[in-house]
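Heads up, the next two complexes both have chain A, just with different partners, chain B and then chain C.
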Partner chain A sequence: MKVELHMGGWMINMGLVGLYRVFEYGRKHEIISEEHKHSVTVKPWGIELDTEVLPQLPRAYFLYLLEEYSVARRECERLDAYIEQVKNEEQFKNHLTAIKKVISDTGTKIIKYFTHETLESILKQIKEIKKYEQVHQLEEHIRTLKQVYSEPKINEKLTFNYFKHAILKPLFFGQVSFLNVSKNNLDFEGHVEEFYNSYIFPVVNDLYLESVINDSHSMEEISSLLEKQSEYQLFRQLKRAWKKKTLEEVREYVKTEINKCLLFNERLAFYNFEEMVFSPIGVAKDKAFNFSWYFNGEQPRPLSSLAKLVLLFAPIGSTIYYKNEGINEQTERRLYAGFVQTDATFAEVLQKNNHFRELKKKREPFNKIVSQLVQSVKKESEYTVDHLFFLEFFSDYDSKKTHLHYYHLPMYLAHYFKQHADRLDYIKPYDYREQFVQSVLRGADPIHVIYHYLRDCIKNERSTNGPYIAVRERNRILQFKKGVRDMATTDKRVTALFMQGREIRDAIIRSSGSEKKVTSIAYRLLNAAKAGNRKSFMDTLLRIYMSTDRPMSPIFLNALHERDLDFATVANAFIAGLLANQYKEEQEEVQA
Partner chain B sequence: MKALRLKLFQETACYKKPFASKVAETYPLPPYSTVKGMIHALLDANQFIPMRLSVQGTYEAKLLDYQRYYFFKRRELSSFPLVLDGLARMEFSYDKNEITTMPMYTHLLHNVHLLIHVEAEEHILTQIIHAIEHSTTHYSLGRWEDLVRIDEYKLVEVRELEEDETLTLQRDAYIPRHLLDRETKSIPYQLNWKYEIVNGIRQWEKIHVGYVQKGVEAPEGVWIDEDGELVFYHL
Partner chain C sequence: MIGLDTLKGNEIELDELRVVISSPDYEFLLHLYNGLQSKKRFEYKGYEFIRRKIVMGEEKKITSSVVIFRTLSPLLIEDEKKIPIAPDDPNYEKHINYLADTILYEYRGRGLYKPLTVRPIRFKKMVIKESNHQFTEKYGEQQHLYFTAYHGLFHMSGEPADLQLLYQLGLSKRRNQGFGMLEVEEVKE
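Moving on to the complex of A and B:
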């Protein structure tokens, strides 16, 4: 039977992309049998699925995850990186401690499940390594360890543990079906069976029931189906309910008593959208009665088994990556799932998300990703840009916490990224750039990132062009928002302020002979700027100019009337100039 | 045909998406059901009044609010807090077996300017104007606390846009899918419109729309009012 799976909100699109990826993987690796190789076809509106292929999907699903998150591969790559570092004699001690920790952590995990004499003896011998002279021994042990990690049963167990407990459970589903702790001892086949029983079996039966109800001419066909599949609990209930009913009565019952699925509207809904179906946004129906109309605790958000199955593929449809949240000491590293949503055909949504995943795998920064995904299409000598939105979320099932971020890309930003995204590369370290880009994509002013960045530069005596670039790019974005496209004039103003800052820096250092005075002035100006205190800023500025005996440029008046530049840009460009003393070549390159 | 044009402003607003329980995601503009709800509330209506709507608007930025939510673990509760101005300043104790609380993130739109056209029978439009002028309570669109300032209400004449007229969108807008051509880039949404109660739950009639951003050329077959504002009726 063929069913149409239409695209919809981001969550269902994630599932469809995942379903297609798994199918493609299965087809390429011959997990999907020859006769079902065309069972999933891409249509402009989504996917057409031949349900005959469904029983083969669980195997492809797990094999896909095994390859994608292979712990053996990850650990071997890690060991390769470490061994290179250990070869450096000066750093030997530090790196040895790190490598020992990594090896012992993974080793303990393996020994928990398997008795492995070779591994145990290697772990013991590695403990004995203490001197640089033993580095060859270490290399030898690592070679053996890599073989141990790559043993299929070991890789399978560790990888299953990883994707189940680090990704599927906390981020997407909680403790449902094969993710329940009681199923931890299942082997590969056990997982496939559990997947089939909890997800595929209901879909096959529900769809069959629907077709029988629609097509049959007598009640007998329905009764015999219910009888045949009596191990399906739902059918037992229906059998009781329809015991003495005629075909017409059953059809009436289906119309009035069975709800329709909210995600695939034409399907019958025997399930409910709740936490265990998609935990990032769902809540448990019996723990939050006030979240549904009339305190409905039965089926407040009806869902079909088919939609439930599609959502199970969401982890594969999204891109999973680590992301640092917060700035400086408050940084927290979290695992995020991201997705690119657009109105295009399914093929294009798929292509955009494949591209997004590739870029993330290469650890490309966000500004690069955005500028690459905003593909330009030349149309009558004018550039138009795709309308995208990025979505990413972190979710923790246990603490019931979800962070969900939307990044809409308005037209002015799409144009900005098209033209100037490369400039943001000068904002280093990486974290500040990510924060900057993300603020901009949220429609927020990235000024708070610049304040943190400047403070960091003052505190750590970091003198680079980063803050200047950040100030200039923020100003460019503000101009783009206003509809200005030619940046020459406004850039000149920012550069002039920056140069003023540098001149004053030189003058202060010449007269006092130390950098300390510059630092203290920079702090004072930054505090004034951050507090929006124009008077205090101008007051400090006047004093500096008087003490260095220099004329003050009229461009600073913008701090008061904001005709050409806003106060924050004036203040920060000047402070950035005060902090810049090195990398002259780089400055020239940036200004070019 | 005549329509009532409303210019609205909201400092913050959350037009919550139906599935988003654990984190309140918001639509970028109020869906038709929300606008319909506001008008029906103004009219104190107890049944559906036929109307056509066009929703456009802009917002400045999106922000996150961290709010405490109450979860009812039982259908019957011994204490039920029903207050209009929040629980922050009142002593409220509850049985932990019945109610739990959890802070959750709510997405809020900031500085929302909306332009809404309502087409209905003329006496209904007159009633809406009367309700706006004589309301005894605050207006809200979205959640109860998403206050609305009505900057303008005006009866305007709406006509179809001529084929040779080309206009660009001055605001972001929901444009029904049947009006969108292939060239127009948008983000798809299925918006609720009106419901019937079937089997104890609301079954919604959905409208497929594209969220189109300002600056894009208006597709063919849309409408325009007497002051040159574009109109995109959903039906």
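Moving on to the complex of A and C:
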């Protein structure tokens, strides 16, 4: 039977992309049998699915995850990296401690599940290694360890644990079906079976029931189906409810009593959209009062088994990556799921997300990703670009917490990124760039990032080339928003302010001979700028100029009337200049 | 302002001259500063001035509604008929209010937020003798303009924002001729 799976909101699109990826993977690795290799086809509106292939999906699903998150591969790469470091004699002691910890951590995890003599003896022997002379011994042990990790049984167990407990459960589903702690002892086949029972089996039956209700001419067919699959809880209920009904009455019942699916509108919904289906935005069924359907407090939002299945593929459709949240000391590393959503055809959604995933895997910074994804911006595709947005969420099932960010990409930003995104690379360290780009994408002013950044530069005497670029790029974005496309004049103004800052810096250092005075002035100016106190800023500025006995550029008047530049740009560009150390390489970069 | 040394007839002999300019308008101050920067020598009526150092004075922040002002240059208060009003005149406060209201209206497009009350602490009468080229053309070199103004200390209350602006702008007639510059002696809590 062929079913149409239409694209919709980002949630369902994530699932569809995931489903397609799993199918493709299965087809390539011959997990999906030859006769079904055309069962999933891409259509402009989504996916056409032949339900015959469904029973083969669970196996492909787990094998896909097994490959994607292979712990053996990750651990081996890690060990390779460590062994390189350990070869450095001076650093030997430090790295040895780290490497021992990594090995014993993974080792204990394995021993928890398997008795493994080789591993145990290696763990013991590694403890004995203390001197640099033993480095060859260590290398030898690591070689053996890599083999141990790569043993299919061990890799499988550790990898399953990882993607279940680090990704699927906290980010997407909670403790449902094979994710429940009671299913921890299941082996590979056990997982496949559990998947089949709780997801595939209902879909197959529900779809069959739908077709029988629509096509059959007598009640017998329906009754015999319900009879045949009596181990399906739902069918037992329906059997009771439809016992003495005629075909017409049953059809009427279906029409009036059974809801249609929230995500695939033509499907019958026997399930609900709740926490276990998609935990980032789902709510437990009996607590979802404000999500009730048709104002009926008893009925949460209806969902078909098919939609439930598709959502199970969401973790594979999205891109999973670590992200630092917060600035400076308050950063927290969190696992995020990201997705690129557009109004384009399914093929394009798929392609954009594959691209997104590749870039993330290469650890490309966000601005690069954005600029690459909008490379195809052309006049004729403006509509699509207008509707391109990024979405990412962090979710923690146990603490019932979700951070969901939408990053819209309006036209002016698309153009900006296309032309200037590589300039943002000068914003270092990476965290500031990421923050900068994300607040821009969120439609917010990145000015707070710049304030933090400048403060950091004053405190840690970092090069202020980065903040200067940040100030300039922020100004460019503001100009783009206003519709200005030629940056020559306003860039010149920003540069002029930066240069003014540098000159004053030189003058102060020449007269006082110390950096301290510059630092204190920079702090004062920064505080004034941050507080939006134009008067206090101008006051300080006039005093500096008077003390150095130089004329003050009228460009500073923008701090008051903001005719050509906004106050923040004036202030921050000047401060960045004031803090600039004069290294040669910097000057080159500034010309960018 | 004048560091007074010796008076020789109609001339005052000085070693140096300090000019204080006060304004709430940074734009004006910036242009003024840049102008002074670009010109170091000035000539005026055959006298020569060399600009030395430019510094920014400390401006006090008026945070309460009561302040004591000291005049840095005398206040010139006149009534509708241009007759000078002395601080002990019962209408003095009324005229000060009218003047302050006009000054603020001119600067920010809105007059006083709250009427001022003025209480003189100590005032000294001062007659200013002046001339300008228009007056000289009409009446000759020998004739002079005389302004009866008052110098001293006084107590003023009103809206802090008004007081701050009056402090920056000056409070008097003929402010651009140097009348009416104020200094905050004390901000009462």
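Keep in mind that, in the parts below, the second predicted complex is superposed on the first by the 563 of 592 C-alpha atoms of A that agree within 3 Å, B and C clash if a C-alpha of one lies under 4 Å from a C-alpha of the other, contacts with A are read in each partner's own complex, and residues count from 1 in each chain.
Here is the rule we use: a residue touches a chain if its C-beta (ideal position, glycine included) is under 8 Å from a C-beta of that chain, and two chains touch if they have at least 3 such contacts.
Please read these numbers as outputs of a predicted model, since none were measured by experiment.
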(message) One more residue to check, A:Glu67. First (chain B), second (chain C), both or neither?
(response) neither
(request) Pick one for A:Thr256: touches chain B only (first), chain C only (second), both, or neither. (result) first
(message) Quick check on the superposed pair: does A:Glu84 touch chain B, chain C, both, or neither? Answer first, second, both or neither.
(response) neither
(request) Would you check which partner chain A:Met538 touches, where first means chain B only, second means chain C only, and both and neither mean what they say? (result) second
(message) A:Arg301 in the overlay: touching chain B, chain C, both, or neither? Say first, second, both or neither.
(response) first
(request) In the overlay, answer first, second, both or neither for which of chain B and chain C A:Gly9 touches. (result) first
(message) By residue count, which of the two partners contacts chain A more extensively, chain B or chain C?
(response) B
(request) Considering only the touch criterion stated at the top, classify A:Val283 as touching first (chain B), second (chain C), both, or neither. (result) first
(message) Can you tell me which positions in chain A touch chain B when the two form their complex?
(response) 7-9, 11, 256-260, 262, 265, 273, 275, 279-283, 286-291, 293-302, 341-343, 384-387, 389, 393, 395, 400, 402-404, 406, 408, 410-411, 442-445
(message) Show me the residue ranges of chain A that touch chain C in the complex, using the header's touch definition.
(response) 535, 538-539, 542-543, 545-546, 549-552, 554, 556-557, 560-561
(request) State the interface residues of chain C toward chain A in the complex, per the touch definition above. (result) 26-27, 29-31, 33-34, 37-38, 53-56, 59
(message) List the residues on chain B that touch chain A in their complex, please.
(response) 17-23, 25, 28, 59-63, 70-75, 100, 102, 104-105, 107, 185-190, 198-203, 206, 210, 212-216
